[in-house]
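Chain lettering (A, B, C and D) follows the sequence in which the chains are written, and residue indices restart at 1 in each chain.
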Amino acid sequence: MKFERYGLGIAKGLSVTIRHLLRRPVTTQYPEQRLNPSRRTRGNELIWDKDKCTGCGTCAKACHIGAIHISTSTDLVNNKYEVKSYEVDTGYCIFCGLCVEACPFEALFMSYDYERAQYRRGDLVQGKEEMKETPERKVSGYFYPGRAAKLPKQSLLVDNDRGKR
Amino acid sequence: MTLALSGKDIAKQIEKKFPGGVVESAAESLLVEAESLLEIAAYLKNTPGLDFDYLTAVSGVDYLDCFEVVYQLTSLEHNHSLVLKTRCYQRDNPTLPSVVGLWRAADFQEREICDLFGISFTGHPNLKRIFLWEGFEGHPLRKDFL
Amino acid sequence: MAMTWLPPDWPGNFWAHWAIFAVIILVFVLLMVLMFIWFERRALAIMQARLGPNRAGPFGLFQPAADALKIMLKEDIVPAKGDKLVHWLAPVVAFVPVLLIFAVVPFRGGAILADLNIGILYILAISSVTTVGIFMAGWGSNNKYSTLGAMRQVASVVSYEMPVVLSVVGVILLAGSLSMQQIVAAQDIPFILLQPLGFLLFFIGALAEINRTPFDLTEADSELVAGFNIEYSGMKFGLLFLAEYGEALAISAIVTTLFLGGWRGPILPDWLWFLVKVGLVFFVIVWIRTTIPRVRIDQLMALAWKFLFPLALLNLLITAAEILVWPAVSLWVFVPVNIAIAIVLIVLWSKFFKLGWGKVEV
Amino acid sequence: MATTAKTKEIVVNTEPFVVNFGPLHPSTHGVFRMKITLDGEVIVDMEPVFGYLHRGIEKLGEERTYTQVIPLTDRLDYLASMSNNLAYCLAVEKLAGIAVPERAEYLRVIMAELQRIASHLIAVGSFLTDCGAFLTPVVYMIRERERILDLFDMVCGQRLTYNYMRVGGVSQDIPQEFMPALAKFLREMPGWIDEYERLLKENEILLARSKGVGILPRDLAIDIAASGPVLRGSGVKWDIRKADPYSIYDRFEFDIPTGTAGDCYDRYRVRVEEMRQSLRILRQAIKDLPRGEVRSEVPHLIRPPAGEAYGHIEAPKGDLGFYLVSDGSIAPYRFHVRAPTLINLTALADMIRGWKIADTIIIFGSIDICMGEVDR
């Protein structure tokens, strides 16, 4: 290597790294500090609104992997479809959000929460009861901006926000 | 703006040079006989007015009654492009002449078509399976594969 | 400045003295090496805008200890067709010389295990035994990458031994003796000022010998995956890892003793001066490791033979000439002269010298 | 035992040393294998082996409706899925003749250019780390990429597989806090790029390692139909955004950086300059972003008329094209992807021959491939 510039390039590079000693590191200590995900985040779960759902099955058709299994039965009392079983296999689901967009009755949402890992593969299949919207299982504002207002503001690295302790 | 040359007026030029070479020329593509593919391709590449020196893409399609290989050609100087097609009708051991001699870009793409469609290209330097392993029998992208 | 509160041969009998102080130095060196591993990982991390280990203990201080414990519990795989004996012996041959070097390093006023009068010669001799160990590691693992790595290590050490030894001779000329104590005693002016070119050559040569960036071709992780220590796991890998950091510590200690005036310093107690200077030199090594890309093997060799070696000879010539015309007034007059000579030589040499057969145009 | 044979000519036959830069190697950017025959350190011959990440995306595409194929295109070049979505949607719109509203066009350009910067950051970062600087460049550049991923997360909810663009526009409009965050990013980014330049641009060791190494001559680059920074590094001024402007790229003025010698250093320089040009485009796109609809009226199950179409865009890694054949049903009859990285690798054997092992990693790194797109 020609040292024509007598190591100036190397010196400049060294000056950049030494300057980083004075800057705050960028890492967030995950379990203690948490970053707020985006208000439209597609968390790893689906939330299903039982009363709005009419059992039309558009979401099952929209899913290109067939992760949604829905079976309806005829409810003779007030003469409309009644959803007998509604299961989403989050093991197959890739959280692309096509089903949420396809649902004509605003009954299906992505969840805002991303810590739904399970120990057994069987627990990944979400049954009817575990899909209701509860205070701790919030709905994400994906495709429905109206619901995004209640969620906390996203913490952006551009604003040097490294999450609260 | 890349000017997509229409198959018709190119066909007229080619008809004079290689009688019977052009099978059918639609508005945006030019279907040629498999046998005369190499001469036409060489003609397209070397004539000063056309200068198709850049083979953008080679794609294979299985139309059940025939295999079709589509060459998207572009000329960097004149900034115009052409779609050249050939067909081969036998299904058990389809073969087509390889254009690797003219454009080296076709090397991996022809190996891919041979791997996924089973069309063997004569004159290709090392025609081996590119994605699937040697022992795999059958060609997945054929419509009758499953 | 003898050790005041302990007579030199304290327990009377020589062997007892030797045994006690050998254990003390051994423990001290291993602790320093663990500290250095932690120091490098933290300094590297902060310079890369991240935190570095901070989970095991306060500020991650127990991280090296945790690593050492983990490595001891790991299974010790020996490659099937590898040369079993050579594979087993290699870490020992690589690690022991590193410990031997510390017998001669003056930690404090009188605190030196063996005050050999050929101190620096002993260090240069011992430090090249590690290369044999590393080559045995590369050869014994019957793995293509490790053989390549070992070959590279031998090539780089052979070609960098010359500039290192010649620059040390420059220091010896000035100090007048080979013993480390005398070298430190002779340094009223730190030799880095008197021998700037010598310091530069020694530092670059030493970096190549302990294969640290920019010369870490032996275990270049982007090319040879991990060079000679691919097939090592468990305690053997631990030994090789300790050998590498032990060598870095040894080189920092030698550079402090030869060029930065060892433990001599104005206010602070002398052992603290030694630690500060060693830490400083090690920080520069880590700093270089963060920023500078790796050199290719032929550039490494060409740099040694075409750039460092001639400059080392010239440096020796100039130092010898200065010794002859020893100034009456004081050595300080040499400092600007030597620095000017160093700069002129580097500029001149880099003008005519084209690495990469002249193809490389910058 | 004196050797009686007078001039017994000693034949030293050294057979070449075949090394596998195997699927599992720290610097093969994914599962790519090179069977390299070595003579000492010098490369004699190299044979690439593909297929370790072949998921048959083109076969999967044939069983899905036109909208369901979009999540598949995310997984082609997983470092630039916005550009994959854009290329696919353009091809379908060309096939079905669908018009895209103004605001959606501007949003698409903004997302594509942000994705170009993010992809180049990874490419340049890993190239410099392959040169040996211990992870520092790639850690700095990933920190900048993090800012872009935050913006994408804000818009479409995911950080890698966006599934943001739809046939006929984009799936959702941007939230209010997107614009201020993007403006802040555009103000800071040139400063960060200058810092990378100061870090390694004139570093003597990097120059010695990458200047004049792995030269791809101009006519060989055209012959193997290389595209993107690899082609422009060899001095060919060919960029689809200028040569065949798709969507609204003809409204922005930016220039195309090209190298001269076609070596690794030029390709690295072209990528860094392209990042600056993308910032220029983004500034213009922000200035005149119109209001209005983001998606034209397109049925969820589109049935384009029977026929074929080839749409291609300037993706970060090269000329990414989609060849779609439709038979009038809701699923594409044939869905072929023109992978720029697979074609850029055609000349890898010629570029590597004669150089040393350390150079193969640099040359391979400067081509910047992504195995998701190579193996499909």
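What to note about this one:
What we mean here is this: a contact is a pair of C-beta atoms (placed from the backbone, for glycine too) under 8 Å apart; a residue touches a chain by one contact, two chains touch by 3 or more.
No experiment lies behind these values; they were computed from the predicted model shown.
For the remaining chains after leaving out chain D, touch-based grouping gives A, C | B. Taking the CA centroid of chain A as reference, the farthest chain centroid is that of C. Taking B-D and A-D together, the pair of chains sharing more C-beta contacts is A-D. Computed from the mean C-alpha positions, the centre of chain B lies at a distance of 25 Å from the centre of chain D.
Centre to centre, using the average C-alpha position, chain A and chain D are separated by 27 Å. The distance from the centre of chain C to the centre of chain D, each centre being the mean of the chain's C-alpha atoms, comes to 42 Å.
Chain A and chain C, compared by their mean Cα positions, are separated by 51 Å. Looking at chain C, residues 47-50, 290-292, 295, 299, 355-356, 360, 362 sit in touch with two or more other chains. The multi-chain contact residues of chain D, meaning those touching 2 or more other chains, are 136, 143, 199-200, 203-208. Pairwise, the chains that touch each other are A-C, A-D, B-D, C-D.
Residues of chain A touching chain D in their complex: 1-3, 5, 7-10, 12-13, 15-17, 26, 37-42, 62, 64, 94-98, 101-102, 110, 140, 142-143, 145, 148, 153-154, 156-159.
Residue ranges of chain A in contact with chain C, taken from their complex: 1-6, 10, 13-14, 16-18, 20-21, 23, 25-27, 29. If you check the complex, the residues on chain B that touch chain D are 1-2, 53-57, 59-62, 70, 72, 76, 79, 81, 83, 103-105, 107-109, 112, 116, 129-133, 140-141.
Residues 50-51, 54, 56, 58-59, 220, 222-225, 236, 238, 243-245, 308, 310, 312, 319, 321, 323, 325, 333-334, 336, 338, 342-343, 345-347, 375-376 of chain D are the ones touching chain B in the complex.
Contact residues on chain C toward chain A in their complex (touch as defined above): 45-51, 287-288, 290-292, 295, 299, 303, 307, 346-347, 349-351, 353-356, 360, 362.
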